[in-house]
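Order as written gives the chain letters A, B, C, D, E and F; numbering starts at 1 within each chain.
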Amino acid sequence: MILLTRRATFSAAHYYFNPAWSQEQNERVFGRCANLNGHGHNYTLEVTVTGSVDPVSGFVVDLKWLKDVIEREVLDNYDHRHLNLEVPEFASTIPTTENIAIAVWNRLQAPVTAAGGASLSRVRVYETPDIFAEYRGE
Amino acid sequence: MILLTRRATFSAAHYYFNPAWSQEQNERVFGRCANLNGHGHNYTLEVTVTGSVDPVSGFVVDLKWLKDVIEREVLDNYDHRHLNLEVPEFASTIPTTENIAIAVWNRLQAPVTAAGGASLSRVRVYETPDIFAEYRGE
Amino acid sequence: MILLTRRATFSAAHYYFNPAWSQEQNERVFGRCANLNGHGHNYTLEVTVTGSVDPVSGFVVDLKWLKDVIEREVLDNYDHRHLNLEVPEFASTIPTTENIAIAVWNRLQAPVTAAGGASLSRVRVYETPDIFAEYRGE
Amino acid sequence: MILLTRRATFSAAHYYFNPAWSQEQNERVFGRCANLNGHGHNYTLEVTVTGSVDPVSGFVVDLKWLKDVIEREVLDNYDHRHLNLEVPEFASTIPTTENIAIAVWNRLQAPVTAAGGASLSRVRVYETPDIFAEYRGE
Amino acid sequence: MILLTRRATFSAAHYYFNPAWSQEQNERVFGRCANLNGHGHNYTLEVTVTGSVDPVSGFVVDLKWLKDVIEREVLDNYDHRHLNLEVPEFASTIPTTENIAIAVWNRLQAPVTAAGGASLSRVRVYETPDIFAEYRGE
Amino acid sequence: MILLTRRATFSAAHYYFNPAWSQEQNERVFGRCANLNGHGHNYTLEVTVTGSVDPVSGFVVDLKWLKDVIEREVLDNYDHRHLNLEVPEFASTIPTTENIAIAVWNRLQAPVTAAGGASLSRVRVYETPDIFAEYRGE
């Protein structure tokens, strides 16, 4: 079994705001992230699949295929978007780094599984080089 | 003469949109950056001052002072903000990487000059690790 | 369950020296690190906690809180210090990267556990970009 | 138990080509990597060993020894070489990132085990900063 | 005047060999780089143009256009190629980092100049993160 | 003319202390750096030489030779040393990043000039990834 990882990046805007709370409570919990004008990040995504190496090709999966899946399922929907306003899974879920990792997992698991040969093992999302969340599907 | 550089980072949202143009023309020139919901970046800033080394302290300038100037003049106004909506110099100027470099220069030149001992030499702004603009005041 | 990581840095001096050994044996085992004048590094620390995501805040833990804990428990005691001479746990334990990882774990486990909601999962310490140690508490 | 990692780099040429296939099939599966003139990379290798910390030295293993083992077993054979043409394990196995990770594991496991005190835990190979494979020996 | 830089990467094979010299002399001057099987690198390229900022668009040049020029003129010819065997300017010139920087300048200067509005200012080529050459056209 | 740069690293301890001042004044000016137990950094050094490209070798200078000069003149004297206590030029000059850049220039200029063919152009010293000084000899 080999773990194979492909990194990708996207740039997006977001804010942290719970409409059930007052403005004061949002600012106390979320600090400057509660600014409804939004701010943004260059996110880095690491998608890891696991499987055995095909003895003929030397591949766990074709990295070109994996890149296309990540672009179609994630980057086309997240890159240069406002996560709260334009991405359905964040309409009522706050797009924290943790929730983005879960959402990317949910977008990728079915197409990776459907391809056969490998399974999705890990999704890591860096909001900045100093903050990252990792989800393994359980 | 020594060049001394301090790096800093901020996260902000922006969009590229010229209200004198049609939506179509904005999208043709600015592509996905024309999305008025905004997107964002982790910007990295490199501020370089130049001067002679004080023989007593070994400093061109006190880096703690330079850090404070950058925070007060730039980060407090840009970090976790929407550049187009909240930063005066981008109310009618598009916040491209080039214009951000000029704006940071304009914010820093007076306080650096006023302190004496060193002059502002260079401002470099990275929008992503792959794109950066540099302004030297002329 | 999500793994959430916060990175931090500190700069410190240290040396490797076992007083029960002769100078020659110290130099044979520890090489240039046995120099009692000390040398130093910019250490990078990655602290990982694990827990479930709070559905209201979207957080595993508040990263601002985690940053404060790391600063109070680790950075305030290690940064700009001589590890052998000023940090109690290295008075008679050699501050190798391995031992620093264990010591950071020991400093953080109680306050992270006391806060509830998440547990300390992993501490990784980079002595240089090319050398790092990781401890998981067992 | 501590995980201790040492990073190393090497520069090598390779191509992806299965002689049992036609030129067309090689190009369809391997794209530009099928070019028999070869291309190359700066590979980054992370070798992780695991063990308990020696209470006297503070070491899991001596990192100088680990560096020497990696140089003798891997770098002396891979660096500035053409992997397909000069490295025996790639004479009939395609040197994908996955297969390089397995080959490095196979080269290192015996000498690390023979030294006692620690076992080989993980080999990670970066072909570029955006693509890496990891093998744990099973 | 603003300096605007775009980074790009390519992976290629090369060797250093002067056919007018004996094998021994090649190995004495070029060391392991004289291996005619070739080796390779992930090259990083920084292309800097200079000009004034268009007050309407906020651009020195359109970075999408600059990216396309770099891809068409450089990457399509260098990426996943053997520089000595497949790139005309290196048929009889050794593809050192210095000569690659000059060659990239020569490929880019005419199309950048022809576009008007900005001039090519600097080409920097990294062979590894630790070695880079820079050419400014004179 | 080409600028050719080689990067190197060293780890050292230092403190900032002016013996002509009181302890209070040292702490006011130098903050935590005034701690006489010392602290330390992983310094990164970039040494740039400039010259024309030898048409036979494709070299401005032989990078192996440049590496050896840097090791002999700088790293052998600075790495794993206490700069204040063990390096003559810092016996009475505070080893700030600025002064280290000047000292490295002074150590390298004669041997680089003596070799002929290229001149020393620039020395850049990073104390951390966020702070660097650059000296050009004038």
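Throughout what follows, a contact is a pair of C-beta atoms (placed from the backbone, for glycine too) under 8 Å apart; a residue touches a chain by one contact, two chains touch by 3 or more.
In this text, all values refer to a predicted model and were calculated from it rather than measured experimentally.
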Contact-graph separation of chain A and chain D, given in steps at minimum: 1
Neighbouring chains shared between chain B and chain D, ordered by label: A, E
Furthest chain, CA centroid comparison against chain A: F
Farthest chain relative to chain B (centres taken as mean CA coordinates): D
Interchain centroid distance [CA atoms averaged], chain E/chain F, Å: 29
Intercentroid distance (Cα basis), chain F paired with chain A, Å: 42
Distance from chain F to chain D - Cα centre to Cα centre, in angstrom: 34
Residues of chain B touching at least two other chains: none
Chain-chain contacts as defined at top: A-B, A-C, A-D, B-E, B-F, C-D, C-F, D-E, E-F
Residues of chain D touching chain C in the complex: 1-8, 53, 56-60, 62-64
Footprint of chain E on chain B - complex, ascending: 16, 18, 20, 29-31, 93-99, 101-102, 129-136, 138
Partner chain F, residues of chain C touching it in the complex: 9, 11-14, 32-33, 35, 37-42, 79-82, 85-86, 128-129
